């Protein structure tokens, strides 16, 4: 992406930002995050279809924040994450510049987060066909079958927390899983503990997850934990009309409507 | 190590009839941390309480579990007893062996086992109880009443008469509100102004009441007992101290054709004006939008004729800052203008008027001096039609709710018309007659039976003008929807009562909630009708929902009692069952990450942003902070916080977790 | 063989359901003794993790109950709770947790008889479902065995 | 400039003067109206009275044809056709399943992208801005602008003018030099679909309309719907029978009135085709 | 006994109306504004608000009367009722449904014979030619209703003014239009 490299250099040279976050060639056929702090490094910037890591995960990291204002090469999911983070007061116009990459791979530089929000709102969050099929398949199973499915899927999880590290929304300084007074979730990896950990994570992401699949992509065991958040996304849509990250929006789970509908409370 | 005492009560035989109390006490005595355990016939009796107190002092108990009746019954009793013995009252918990166990289960092993479980849950909980101190808040004993209608007047007088100071602010030049516009009042038909004006004068003369008319609330901060309000006194363009109210200026003012707000546009007023003759204060204000001097830069007739030199063209708005302990909101309501029904032709046909306009026509102080004459040509209408629900109960174009007061005032209007226009014919189109209230149904029946008002059940579809008559076409739904067409001389629309314009902004200034219709929300629909969710702020009258005069007055007195109760002590004591955001040593300061999602979850706007600054004053971190004055202790934020940074005293994470563990694991 | 006696935990709010259960007692209405009530200030305070923990520790069924919509002592705690329940219940269902074992209800302070009905109905249905062995089977952590060993 | 044109059946038959005047006025402003090839009837009242899917499939075919022809905006002078086309667009946009069923029945691709203009919208958009300079003979008469049902209702779907006391025709006529009167029957129903099957009802309903217009001194009634026109004009005998007097106020299409103001040939506007002699 | 005449609103015909048109008869609170504004309510056997009430009872006898009523046929779909209904009840949409059902169940009111005949003639005309052929419509309608003499004077006058086409306008893709009719009719029967 020539445009991106050029713009990154300008931004660094003019000291408009201190760091540009983008992608570079990693080992093998993988890409990885690149933090450009001097203009020579900008030449390493690449962008192609392999660049699926959600770079928004870095913007709440202390080490990055301390560097000063940052620019982020942001694909649609990254932009959504940024807006969600902004609505949670984790990032503001003062500390981020968004270099948007459209789904057509065009570079757009946004003047402020409001413009990013406007851009993002043109696209609805949609679950891809393959995952939809998977969700349907699970839906059709009996309850014990589903139970067994998840116990089996989650059994190998050894709590490396790569999912948490990759998720831009998991920026909490203290995760409930690390909480020990009381110990909500057992420290070692156990069948039930794993399930509890992932249920808890899915609940915490309800109304916030923007379906970037970073958790799944990061999982060394390729456990389909993203199905949990996808399910929540669909439910949010079904029950509450869905949500879009918004700078000044009401958050799905911290608000309510007096006429929220359910059919199970007696 | 905890030293817990367990006290099992027989409650006479209420508990012991089905629960083996001795066994419960004996079992509890074997648990870790329980140093004393006993059963007794009446734990709440004096000897029973002494038993607890003695055990506290003798055994040095650190926690107490009383296993008896519901804590909703005796928790205060036993906590007080503990406190008297020197134990922090919040170290005492109750297991509900009576309502939740002995009374609802048959005698048997299972029932005793359940009783043991219930005690164990609380024994384990108490191990994690912390000593808490009640929250004390000082109280500034001055009340602010917003709105000088009948509700505001009543509230002010009631509070002032308990000996406390009141500041009453009114946005218009005079107090009196809608009630001062009314002709007669239902169901007694006594003259509205005759009963209202003495109270208005009383307000003006009361030593405890400071009255600011032409004034609005600018901002409010603080919390119960400790509010700070800024009041904007809009410029009246006169020096009130010099003005004697002689009315020279108002008679001489050359701008005479401004539609009078007080007469609902049916009469005219001048640019410098007193809204109505009985106004309090009876001193004029200059309406700058219409005054020739302010528009063209010259005139000043009022200044020339004023004998005391009281006119002040350059007067500016003033901001007054006051400290207050409680607020009564009595801002009232307004009527929805019916021009959203083009099919009724309001605004197009001069003789289609609103109910409030009819009040002015029927009022002796009104533009026709109380004669019913139609606006277009001053003719006395021979046929008059009243339409109920012109906007109310109409989700499509109006409001879905019932405005409540219309059925009664329509009956009153029709009655007044029949009394004033002999031989006149009056019709009322209605859907239901809602006349619940003392003497109300009788009043409506009187209109129908004695005064011959013709009630037709059906909604009118259209009103149009033809040959000087208003054709009102509707149906009689009680006659298989038979068409009814009336050639009327005048039509009165019972327009919906709606929240004031700007109600939303005011609510936001006051941090109180409002319903979807922008009426202010009461704290509880049944049991806290005059409280808001913000402690120390109360509601009176139609700002909460459409209300008639008796209800408004009752609410005002209710709100006044709440204020007086609050002012009866120098300090406010509140249970410390509130949420707290954790604080840790630097550099962490708090595990809160400052996402502030809890802010919108809090029903009381009790969560604020706190900026933690370093020595140079730079913000290092923004974290949530609970205002103990506002928090009511529901814990909704607690279950919501992802980092579990908020906890609620008395129901902490550790306590609740422990209860679950204790319940299911046998020790 | 003795009939299976399920363990049921009830998470209730202080102002409506707890008071409603008090009224059941005052009215001397009898119901099954399998239920143990844990008191919360409001349904808004009920942490969904506690529900999982209850199953974890061997509960066969759970009742969650609070004030009817619009009746919340804190105005909106139950509305917030309802939203969470909707999502939590769906997630439970999706992960194969048996949602038939969690009964959600609104019981007001005046509904003493309803409380008895809710408890009885829950006990009956859990009795039919049998012990929650599925969950219990995986609930054994290594360190717990150590504790008990 | 070229706009798409859907005349509909009436404009090809009993209301051909409407088509003539629309084309004449358009021509006077250099607007080409390109007819949709091989268009079919929209189904009118009959279809939706009898069969819902049919009532959507027929208009959908028309819209599909317009899309196929590359038209982005079509003028639909007949109020009934306009209503049917707009309702169909709305219903199909709302319900994807229905859209599939209907396009399946038609066997033609449908995206719903065609913008449908009624005659007033067309005049407003393309002619009003340049009208003033072209008026040679102001239409100096008291006119009662009659909208009928289908131009204004249901408002939720059409979203054109307001439901009660609409103004768009009045504004147009004011610009053409006329004095629109304020009257009470602007949006009352003329009897429409009952014209043939229940002529007596039409006499009563249309009679009330003509009666009120007459009482308020209207010299002409202005319409924008062929059904209203045929009821108010062709059924004048029944109307007069209902009114018990002979009322000869002519009924003009908006495009005819504007055509007169523009000084167009009266024959080109089809004025000779009316039952009630056009004396203005 | 009241339970014999008044049933649940959501069952029965009211329920069907809801299912097919999303119109909720339970929303009607009988204000009568629809009947008051309906231009044809005087000609109806049951004005619109009364139809709503009949449906609210859920009583099969009354529901049958609704389907056999003249009201549903004389309704012109002028939409005045819907425009002014305070509860935004789409009565015209409901009427469309009731007409279709009445036809399918062969319950159409005999007085509506002419109206239905006209609709049928109209649709037949489109079915075969793609467009409305007015003379054909008239002739077909007259044969269906045997009301030969009525309106006889009108046709020559129209002809004279060039308002009638002697030869029908045929569209090319007539089979396409016929197919639409076939497919929609088939669904309708189900």
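Here the chain labels run A, B, C, D and E in written order, and each chain numbers its own residues starting at 1.
As a convention for this text, a residue touches a chain if its C-beta (ideal position, glycine included) is under 8 Å from a C-beta of that chain, and two chains touch if they have at least 3 such contacts.
All of these numbers come straight from a predicted model, not from anything done at the bench.
The minimal number of chain-to-chain contact steps leading from subunit A to subunit C is 1.
Chain B has the Cα centre that lies closest to the mean of all protein Cα atoms in view.
Rounded to a whole number, the gap between the C-alpha centres of subunit A and subunit E is 55 angstrom.
Centroids built from CA atoms put subunit D at 65 Å from subunit C. Annotation for subunit B: residues touching 2 or more other chains are 343, 462, 601, 640, 653, 657.
Shown for subunit E are the residues that touch two or more other chains, namely 80. Residues of subunit A found to touch two or more other chains are 176, 184, 253-255. Contacts between chains, counted with the stated touch criterion, involve the pairs A-B, A-C, B-C, B-D, B-E, D-E. Those residues of subunit B whose C-beta lies close enough to touch subunit E in the complex are 343, 389, 393-398, 431, 457-462, 473-477, 480-481, 483-484. Looking at the complex, you find that subunit C touches subunit A at residues 48-49, 52-53, 56, 69-70, 76, 79-80, 82-99, 103-106, 118, 134-135, 138-139, 141-143. Within the complex formed with subunit B, the residues of subunit E that make contact are 29-37, 41-42, 46-50, 80, 84-88.
The residues of subunit D lying in touch with subunit E in their complex are 9-10, 12-16, 38-41, 43-54, 57-58, 61, 101, 104-108, 149, 152-155, 163-164, 187-189, 191-194, 196-199, 201, 205, 234, 272-275. Against subunit C, the residues of subunit B that register as touching in their complex are 70-73, 96, 98-101, 103-106, 110-111, 114, 117-118, 121, 513, 521, 523-525, 533, 577, 601, 603-604, 632-636, 638-640, 648, 650-651, 653, 656-657, 659-661, 663-665.
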